[in-house]
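This structure is in structure tokens; I'll ask about it shortly.
When the chains are written out, they are named A, B and C in that same order, and each has its own residue count from 1.
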């Protein structure tokens, strides 16, 4: 089993558990929890594949279906203990978005899209599973309010493109741009960085 | 007109009326009610066709567009009397999800997807029109909380696959697995069965 | 630059600003505002292209990506002044939906769909960016409650079809049906017209 696949599976597990946790907070039943775990893990990639008119990976290759299903079962059984693995989850999740970003960018390049669209596809792959999760849970998507993920993905995806124009091998480009995603996200969480707050002065834009 | 088509139309009517009722509760205007009736009836099949990259039936064959439109007109005019037909609606709706499940499973098989994905496509066809309806009405989808439909569809779809490996003719497989969907749903409603409640002990999963 | 393209760009600007305004009311961060501006402007056309299985324009032709991005930057910087351009915005927006309706109808015709579906595709192109915007902002879509847009689009799209059966040239058909969309919407706003209110008698449909 390649390192790439192991990282992908760890990311999928982290994303699925994030879905289970959100669904539990909304007191969903087991079917609802399973669906939320599923869309959190594969929703971003599915949206990407629909937009670029590609085959949807998880519908042909069942590896991720099984990984999500087993994660769902284990996470529901041990739901009271999930707090203990929070730090590991955060790590897997961060590595997962780095990988998902690169997968999305590469799929966009392979289909011949312009660089800016490829970066958008990478960001979508990493972030929009969470957006669909939040919509199905009747919440404004968290990354639209307290942005943690998306900037890291945009920077990493952009780095991927710039580095591909150098003499670096593709392996190095993947490692460096993926590490950039991880680094930006870790620094953002450690130093509580966020995008500039444009509401400081509490202007009421529209009273209607 | 084949029995199959009659069942399909009765199911579409039941789904459309369920959409009209939900939209009326949200006090939508006639345009909103029409759209909600529409997505409730065809949303699940449309999502399925987008995911498997198939032509979307109602865009080429207008039968269901007319059925939904006439149902919308009649249901809005007689909106105060809809309570009286509730039992008939429940019956049509139950027969409808049985049929939709089988249509979805068969479309998946025809496109060469693995069994577990075909069962998921059947469940999606039967249940996700209601999910889109609830999202457009700004509610957490009801089947994620009080699951009534989905388990019946999953069991019926699985039965379809297992029975196709026996010597039964396809007609019998359709009748038996469709009846199973109907039976499970009727029993669930009559005996107020639901998926196990995992919140009995009122654990607060996450206090953040 | 053709008149057609100029109108399209003005419409895109108006739609993007409507997205920025909605996102600001929800106190989203800059990333959220950008995404909402984006889906408001291109969401309807994207949904249409996914349903008719066509290439998605903005993913290959970056003009609109740049227009939306610049509009987003300018609108966020001058967010306190947006009230002053409200009337211009309303005008651009109204011209925009007229154009989007015709583009949608023409794409449907080119792909060989029946007239009623082409009118639906035109209405979807003009109106469903706003629907997706409202869903991402956790609101019931405004056009389902206080319908302002959709009737104008349906009438204009229908006029397009009827006029194409006359001896008028296509240019005249576009001008007349587009003007009809604009006229209906202006009259609706000036005279505060809306679809018939079916809740006047305050019937409680369903007490469950």
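Keep this in mind: a residue touches a chain if its C-beta (ideal position, glycine included) is under 8 Å from a C-beta of that chain, and two chains touch if they have at least 3 such contacts.
Remember, it's a predicted structure, so these values are computed and weren't measured experimentally.
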Rotation angle superposing chain A onto its copy chain B by C-alpha atoms, nearest 5 degrees: 120
Interface residue identity across copies chain A, chain C - same or different by half: different
Chain A-chain C separation of Cα centroids, rounded to whole Å: 30
Chain C residues counted as touching two or more neighbouring chains: 50, 53, 135, 138
Partner chain B, residues of chain A touching it in the complex: 21, 23-33, 35-36, 46, 50, 53, 55-56, 59-60, 62, 65, 76, 79-80, 82-83, 135-138
Residue ranges of chain A in contact with chain C within the complex: 50-53, 113-114, 116-117, 131, 135, 138-141, 143-147, 150-151, 194-199, 203, 205-206
